[in-house]
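One structure follows; several queries about it will come next.
As written, the chain order gives the labels A, B and C, with residue 1 at the start of each chain.
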């Protein structure tokens, strides 16, 4: 009886999700196995050519490059985010929610705006160049905007609040007496951190890392805006196949590989989370 | 006898587990009935089946001759007072009480009149405009009761009605519930894990364990004539003494004879059971010259290990070589004796006060 | 956990500087008098004025408002019912959980191209209505998540009490569940509204090529690609302030459970 009511309540939303999420995603999966039509349409004959093309060195290189940039951004964001979460968790308990709120706040402002802010800072007449000139530096400054570095900075900046939130959760639940027990048993501060605190909060760190990686590798806005036109990541490749090159089957094939890579990482993260949720948390 | 509420072979399975395992009960109109059991005994599941929130796996429920087994909760002339009270947090006290009447589509004037009448009866008229979070625990309990009673149900179910109250308020409310039940003449079924509560309030008690009914009877019956070891242990305090049987004669593990008037069960392993207040405490007497007629039926010797006052009563913990024993004396009785930890005393009781159970 | 207070303070100052300096510079420059978007020449509100003369921006803002309002309405309705439906079930269906969770983890670009392919192959005309259909997908997932969080601490016996007192399921939903859940539903709706106003990628792919269906984030994107102008600074600040106000409101309604662990 309860389950019939439940079905009645869930049906409209589940129907919507099926129509506008499940079916379109399945469509992408099938598109990847069709041939590109002569004038950009789709020819409905089965082929594995699109998937073969993805591992062609030209495109495989873009995948590797994207993974490198996403990995770098995830690593830097994780280190900074963990340190920030650790610092917040060390504050007096009643101040923590407010500080956390302000650490997350930028995450809720527009992504484009946050990315644009870095264009303003990094461009040739931007604040950083202005600051260097103001300090009396007259020499040639390296270009900062439209570089790989700019893309990494942009990704770290955009996703940092997420890592802070993910790391704060286990750190705030950590019973302070556990750390005290460790030092009582003779461990130094660093040993306590390495042997006790880090293992117990590793889940949050892993979650943060994986999400930044997954969100970055498929990103096309940040590379397009901060990397300049010539800089390509997987997201831009997909974008191009659908909106300019008009090769939907190939675009679908790239997306499929992209989804596979993301799924792999998300599964890994679930695995870590399930292993790591041990006792000792409040 | 025509039962007002008849529960017939009711069973509830969750997967392979039987939460309620073939319970049959007959309850009379106007009765105050208690379902007593530990957590996991199935008492709450049984109550929820009576209210209509759980569908029985098998069995039937008849109320006033009508089969209500498959009736939805909102169509039963039965109301439930929830353990958490489940007051609507966004409605005032008066709105909470009026809700059930509005569902019956009564005229506005009649609803207002009945709500006012009910508020007066539970002494909440001055709080009619308050929201539940502005009330004390005891006041919330009375709102929950009023909300259920105002519908004039044929049967009122109460799930641990006093569980959320502190101890002093609880004993007041036990009598208050009894008074209200009497005044309204509605049949009450109370679920509780507190045997004292059941003994004080109920006309009859049903003891549940692992989904099965162990015993059903008046408080006096279940206290004086427990049908099995669990019932004996669950209601009040009971001393158990392991026995050895030699043909028809019974002795303790150390050979002291135990006499009883109860029929001896066929089981190999037996225990004798005796209530603490049935024990006589006397000084240690080594002479056995007392005349045969004055000798008590049963006698054990032991050393007092601890004393504890329970109100005016004194509870003695005594180590004997047959079993640890608890005895209960009134303060007056204790006064005249020289009792203290380490003292050796004799315990004696009548054969009629000895029950026998399979171990 | 004991860490030197000076160390924690240093970390926090550095992190907050990193998080807030770029945004603050943007806010500062939006009041710049000069035409150069990055060099300070004095205080002025003139670019705020000129923004409200820009017909393209005004139309994009209007489009965004329509998309956000309509998609929030449907998402709130469907998401709330979904949340209640999922939480009254005894068993947790793994499939259903995955289905509900998916819109929040599927990368925007994947959902965007999937929807574009779907709409094109089924001969849907692209426009604001397709953006709305698409936004409801992730918005309903977020509303559902917020309402479910509230339902987990909800005393279900309150709903049972309503049934026990004679109310049908719909009456219980309307007179008991909705009033009790109202703060969470409002918070979820505000969150959905913010997400929809800010959403760029899915709108970009599903809005079609007509200039009439450009949303504000799409407008901002094309302006940024075109070059830096003082007007973008102003627009960026307004968009940011808008999301922050809405989010703070949502936080109020939900007593902090949006960021709370």
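One rule holds in what follows: a residue touches a chain if its C-beta (ideal position, glycine included) is under 8 Å from a C-beta of that chain, and two chains touch if they have at least 3 such contacts.
All figures in this text were calculated on a predicted structure; none of them were measured in a lab.
Asker: Mapping chain-to-chain touches, which pattern fits: line, ring, star, complete or other?
Answerer: line
Asker: Have a look and report which chain pair racks up the highest count of C-beta pairs in contact.
Answerer: A-C
Asker: Select the chain at the greatest separation from subunit A, using centres from the mean of Cα atoms.
Answerer: Result for max centroid distance from subunit A is chain B.
Asker: Find me the chain with the mean Cα position closest to the mean of all the protein Cα atoms on display.
Answerer: Central chain is C.
Asker: Distance between subunit A and subunit B based on Cα centroids, please, to the nearest Å.
Answerer: Centre separation, subunit A to subunit B: 60 Å.
Asker: How big is the gap, in whole Å, between where the Cα atoms of subunit B centre and where those of subunit C centre?
Answerer: So the centre of subunit B lies 55 Å away from the centre of subunit C.
Asker: When the C-alpha atoms of subunit A and subunit C are each averaged to a single point, how far apart are the two points in Å?
Answerer: Each chain's C-alpha centroid was found; their separation is 18 Å.
Asker: So which stretches of subunit B touch two or more other chains?
Answerer: 72, in rising order.
Asker: Could you tell me which residues belong to subunit A and also touch two or more other chains?
Answerer: Not one residue in subunit A touches at least two other chains.
Asker: How about subunit B: which of its residues touch subunit C in the complex?
Answerer: 51-53, 72-75, 79-80, 82-84, 86-90, 99-100, 103-104, 147-148, 151
Asker: Which part of subunit C faces subunit A closely enough to touch in the complex?
Answerer: 1-3, 5, 7-9, 11-12, 15-16, 18-23, 25-26, 29, 36-39, 74, 77-79, 81-82, 84-86, 88-90, 96, 99-100, 102-103, 105-111, 113-118, 121, 133-134, 136-137, 140-141, 144, 169, 194, 198, 200-201, 205, 217, 220-221, 224-225, 228, 232-233, 236, 239-240, 243-244, 247, 251, 256, 259-261
Asker: What does subunit A use to touch subunit C in their complex?
Answerer: 2-3, 5-10, 12-14, 16-18, 20-25, 27-28, 31, 80, 83-84, 86-91, 97, 99-106, 108-121, 123, 125-127, 130, 157, 160-161, 164-165, 168-169, 171-174, 176, 179-180, 183, 189, 197, 214-215, 218-221, 224-225, 235, 238-239, 242-243, 248, 251-252, 255, 258-259, 262, 266
Asker: Could you list, by residue number, the parts of subunit C that touch subunit B in their complex?
Answerer: 155, 157-158, 160-168, 171, 175-176, 179-180
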